[in-house]
Amino acid sequence: MGYKKIKKDQLKTLFNELSKDCSLFVPSGSKGYVGFDPWDGNSADFTEWYRNTTIPPKALFFPPVEAMLRFRKGEAGYEIEELLPNGRPQIVFGVRPCDARALKITDTLFSDTYRDPYYLTRRENATIVGLACNEPCDTCFCTSLDISPGESQDVDLLCSDIGDELLMEAVSDKGEDLLSKMSGLSEASGEEESKAKQLGDSAKEKITRQIDTSGLLDKMRSSFENREYWEDVSRKCMSCGICTYVCPTCHCFDICDENNKKDGKRVRNWDSCKFPLFTRMPMENPRHEKWRRIRQRYHHKFEYFQMNFETIACTGCGRCIRECPVNVDVTEIIGGIQAL
Amino acid sequence: MENRLKEEAGKLLKEGKVDYIVGYGKGTVNLRTSPLITNKEEDLEGLVINPFIANNLSRYPVELKGRVGIVVKGCDSRSLTSLMQDKKVKREDLIIFGVPCEGVVDLKKLAGQIGAEIDRVTDAEKEGENLTLQVDGSKKTIPFRDVIFDKCYGCEHPTPLEYDMLLGSEVAPNLDIEKSLERIKELEGMDAQERWNYWKEQFSKCIRCYGCRNVCPACFCERCFVDVNMPQWVATYATWQDNLTFQLIRTLHVAGRCSDCGECERACPVGIPLRSLQRKMVEEVKDLFGHEVGIDKDAPPVFSHYEATDPDEFMK
Amino acid sequence: MVESSQNENIEILTYSEVEEVGGYIGNFEVKIRKKARLVDLEKCTGCGTCYQKCPVKVPSEFDMEMGMRKAIYVPFPQAVPNVPVIDKEHCRMFTKGKCSICQKLCQADAIDYEQEDEIIEDKFGAIVVATGYDLFDASVYGEYGGGRFKDVISGLQLERLINPSGPTGGHIIRPSDGKEPKNVVFIQCVGSRDVEKGRPYCSNVCCMYTAKHAVLLKEHLPEVQTNIFYMDIRSPGKNYEQFVQRTMEQFGALYIRGRVSKIYQRGDKLIVKGADTLAACQVEVEADLVVLATGITARHDSKEVATTLGIPYDEFGFFTELHPKLAPIETVISGIFLTGACQAPKDIPDTVASASGAASKVAAIFSSDRMSMSPLVSTIDTSVCSMCKACMEVCPYSAIQEEEITLRDGTKKKQLTVLESVCHGCGACVSTCKSSCIMLRGMTDEQIFDELMAVAQ
Amino acid sequence: MEGDNVYLPHVMKIEKVIRETQNIKTFHFNFKDESQKSKFSFKSGQFAEYSIFGEGEATFCVSSSPTRMDYLEFSVMKAGKVTAAIHELQEGDEIGFRGPYGNWFPLELLEGKNLVFVGGGIGLAPLRSLIWNVLDNRDTYEDVTILYGARSPADLSFKYDLEAWEKDDAVNMYTTVDNGDEDWTGRVGLIPPVLEEIGPSPENTVAITCGPPIMIKFTLMSLEKLGFTNDQILTTLEMKMKCGIGKCGRCNIGNIYVCKDGPVFTNAQIQNFLSNEF
Amino acid sequence: MEESNWEPKVIGFLCHWCSYAGADLSGSARLEYPHNIRIIRIPCSGRVDPMFILRALQNGVDGVLVSGCHPGDCHYQSGNFHARRKFAVINRLLKYVGIEPERVQFSWVAASEGPKMAQVIGEFVEGVRKVGPNRLFKDEKKDGE
């Protein structure tokens, strides 16, 4: 597959075109935080400032709240109406390699044994346009998890910022398809290709934060009973759900009904293992204590998920480190486990 | 200052006068500090005091079992006193290290000021009235007052009111109330519909991570009202209606307890200007009942008592 | 008093003060300070030698300071117990450090200058408050002389003068010169129905006692002329109006409807200037004696008593009943009852009625082992309570208390509990509890929520 | 594709409500859409998500036997918001039902074996599904022993079943209560000591137990004393669940998801992971 | 609901001892007040949780009236004093976030004040009528699925 390129000042035109028959999401900071917002036709200057979103792209496929079904009570009793997402194609532009990997990780979970129609419908209708990182944050540690800031096999189409232009490379058929529909592209030279590669390599070098995953599974297992360790590392945690909600792979949810017996919706919403209520049963709660919940979170990501799906459910995006109000740092915690 | 703290904190731990020291340590992210909570003497080497100690640590003694030595700034000390009023901590269980505070750097503001993200800054130090930074290898100097949190402009008690040991000399308030209330005044200038729409838009962003609640030292309930499901006052999922209702009720619950430490707003990952609600209530409670938060640890909480002469003009 | 002191079920603690009241109906824990009277109650035979021989004389409070008593004294002749008390303020043993005449003379060896206050702590099932009233201090009325004229006296002083065991042995004389008065003026509503003096209420008893005084005066001194300045005559009790009529018709009392504007001395007479609003003219009476019908006020320390008991009081210091019509004896605290003038000015029949009422209320409580209460009381879900105790602070009845329980693993835990017998079900605690862990049964959030949802539909 | 949305509930009709104890009720229910019924099957030990529309979902096992498909049953102890709403249900009301989920009692492994059922309180619900299943194919199994206990006579659930089993000569039925009352003439005693007293032989036997955690804990100890190996003991676990299909992230114990990998486990499996978290 | 024949729907939280009795009295005195009010009786104005008010508004009620005994007259001594503190703050907060002041009203009405109760309800309903239907918590558009 060959490389194409587009001038950054052409992006706006491209976006306007693309958004005609599909929903296009691009990084935007207009709401006071960076997230993927529907393309508003205004400014495509995110390439100038965008490093990564606060809310990960998972929110587009597994939204914070989504209606699953509607129930209505009529003369003949209850009627159930399935509320699946509409099949409108969707393009997400600017997904970083770490987040693209995260989507692959949640894909396995949501398609395991029982298919999750809500997530998968959206995923199937979506084309992920990746954007390689030239300027990783100091919280990034994706390289420790076999992710490279400059390249990705997890996207459909990968863009690299080479200055005034974006270099584009189709990674999947979907990407190929999309690429073929884009206008205003030109062929990229080998020089530009290697420039992109070079930028990717230099980005890789900029990442200094890391975790050591070698032998981690065993270390995790043996750390489980180390209550003192978990109590120590959890002491400053505030038990809020920020780390789980900004995590691109956290997928826990709750199912609730709208408070209306006659006509209401059943909704699915994000939930967090950091909340004591998450596992509370009327008579007992296996994870009432904070350290148990913290332990669950890290063990889930680095042990259980790996056992069940052969991959660590962390991509090193660093959001949890960045957004945590008390600076609980996953690399520190995993480092601590390795050092036990 | 730092050395004195390390020394005194070490003594407290060694002599068994406290079970934990709660202070600030260096964070793992550029410029940031992080709560340092420890019962081990060797960890105390990591204690720092600098213009980046944003966290309000007063919440921790509520959770920790035992006696605690704690580092507080002016606003934190008033949160702590408020917690004493609410009987969540006992004064005699605390050894308080007061840090006279000239303001804490708002890293978002700082990023805006230097036009680059914080991880570009390699070194930052307060020198007199200025903050000296190394940005991408070059030195930059910006006025300190330009990069501190908005709350700091409205801080009437920068020196902790309740302490056992003051680290440094008292700091006189350097008030710029107008600047501190800028956003509130702006909102007050709008008409009702505009204001409502403003908040509606803000709370459409809310994802219910409960960061605001969980960092708030005034939110000390064992079970938050949103977690009550019989009846389900507020839906557990994030709709702007329920998000707003949740925050309004939370605002009422912390009114009279909120010391305007600004932690809720700092914690919010989606940038909802929560201080504009909380600070507003600080003003209202003061105006209505003459109550200032965290001044008198022996006074009853503001909504646990009343005066026969409380304002009444809004009643028909 | 004598009779009740002999009842085996009644213990009278005189010269004692209630210091603390805790607990609740059926289980009040009361701390009583029994003040040292410096005379041994058990030993004293009541012979009276001590106060006959005591060298110190002090104006007698009981005689409204018109007579004298000793530093060791029995407050009044019928006092129970008939045992004297030493007035430390005046006793020479305490002012000068020596004397001990009484001690030397006491054959029963009952005088004990060293005696200390005794604290009694006991449990009681109910409390009846009957702390009575104070007389209004008429000296605030400058127009009546503000206390300057010896011959302007209060109704109660006249009462002492008439009394055979009073300071004059029942001889009615002018305090200034000991002469019998010929012309007496009574002034009604002194410290009653007077907004300016902060006493807007009617003292209830003055109209009738003044009428009685007029009658008694006439009986003792047939020559006397009584003149009564009044605002309205309030005589709604049984046979009261007839009594007033007789006072006028049979005993010649002259009732003048109007206020007195000024009293001044002329020679040995008091000139009383006032208005007769019925005749629409000014009147001036040359009086030998002026009697002020001073009203009833709450006891000077009623607010402290109320605070100790945890019961409310009104702006004048009278204790507030649970309901003015339907529960005039009960207070907001179950098990504490009011009787007599501590609640509001009352005359003797009213007082006796309310005392009987209180007694039967108490008897009703004591007659059964169980009580039935309103089910609308609060309950606490201690598993989610964060112990901020805000509910305790807002509870007007102190119905929420802290208790310590022992958990299954042996550890102790402090928690709050609602005393169901004390809770009145107002729900102030419920809306104060931020985490809804205290709930008012029968008016729960769930119930209100359902009502609200139904109404909002 | 229609009908493959795993989260969509069937609408079920409540056909009968049985008050078992003060706070436990059993409900007979059936498909509102008869045509769905023929497509439906389940196995003893499986559970489902039941919902009251407007209140939410809750997890219970199917307590009737797959050998008796006239109607389905579930039993509920009143404990929270949804269960309180379920307790309000009356005949003719409708509920949501999705399932069955989870694994089941391995009938093929039980064939030709002596079976000992030990149930406490509402823990009899999943067992009775299996018990009726076994009794309806009585010849396939050897001795059947049932030990059921509750706190008091008033707390005994499924009294009609107990009576039937009592009468059945092919069942060794034991009922016990922790505390008797005036009318109680039966056995008084906690389940574990009673079990030891009955003393079933571990020879060619499988014990199946379900009940409150504390009872399970001591019952396992008693079974061990009697010589049962961990492979000879089956139990079902309870954890808070929402999705029922291994996605929502609640019910894991280690990497085991109770909803997907359970709820039926051998004691050998449990010993492996349970010590970890609890 | 048709816009043209919209009638305000308001909820009144009235305390049992004073305002509810006041409303009762106005009824037995044959005084008229608008039928738009649905009354929920509570033991004391001190029982009112701000949640009641917000939840009512969120559920589309057009106005909320809270009424209790005059200060000093509380059957439970101090309930209305405590309530007044809360109301004062609620009042300011709701106004601040942009809820029309006409929608939420607090009042003191004694058991003897039948005419006042009728008047308070009347004026309140008129005030609500003026600000129109409560659309505060309505979604502008349907879920963007």
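In order of appearance the chains are A, B, C, D and E, and numbering begins at 1 in each one.
In the analysis below, a residue touches a chain if its C-beta (ideal position, glycine included) is under 8 Å from a C-beta of that chain, and two chains touch if they have at least 3 such contacts.
Small disclaimer: the values here were computed from a predicted structure and weren't measured.
The chains that touch chain B as well as chain C are E. Minimum number of contact steps separating chain D from chain E: 2. Taking the mean of C-alpha positions as each chain's centre, the chain lying farthest from the centre of chain E is D.
Set side by side, the interfaces B-E and C-E show unequal numbers of C-beta pairs in contact, with more at B-E. Of all the chains, the one whose CA centre sits at the greatest distance from that of chain A is C. Centroids of chain B and chain E (each the mean of its C-alpha atoms) stand 35 Å apart. Centroids of chain C and chain E (each the mean of its C-alpha atoms) stand 43 Å apart. Note: centroid distance chain A to chain D, computed from Cα atoms, is 39 Å. Centroids built from CA atoms put chain D at 51 Å from chain B.
The set of chain D residues that touch two or more partner chains comprises 80. Looking at chain E, one finds that residues 51, 55, 78, 82, 86 touch two or more other chains. For chain C, residues that reach two or more other chains under the stated contact definition are 394, 432, 445, 449, 453. The touching residues of chain B, counted against chain C in their complex, run 86-88, 220-225, 228, 230-231, 233, 253, 300-301, 303-305. Those residues of chain D whose C-beta lies close enough to touch chain B in the complex are 80-81, 84. Those residues of chain B whose C-beta lies close enough to touch chain A in the complex are 27-30, 32-37, 55, 59-60, 63-64, 117, 119, 205, 207-211, 213-215, 227, 232, 235-239, 263, 266-267, 269-273. For chain A in complex with chain D, the residues that touch the partner chain are 68-69, 71, 73, 77-80, 82, 84, 109-110, 112-118, 224-225, 251-262, 264, 266, 268, 271, 273, 278-284, 286, 292, 296, 299-300, 303-305, 307-308. Within the complex, the chain B residues that touch chain E are 187-188, 190, 192-199, 225, 233, 241-242, 244-245, 248-249, 251-252, 255-256, 277, 280-281, 284-285, 288-289, 302-303, 306, 308, 310-312, 314-316.
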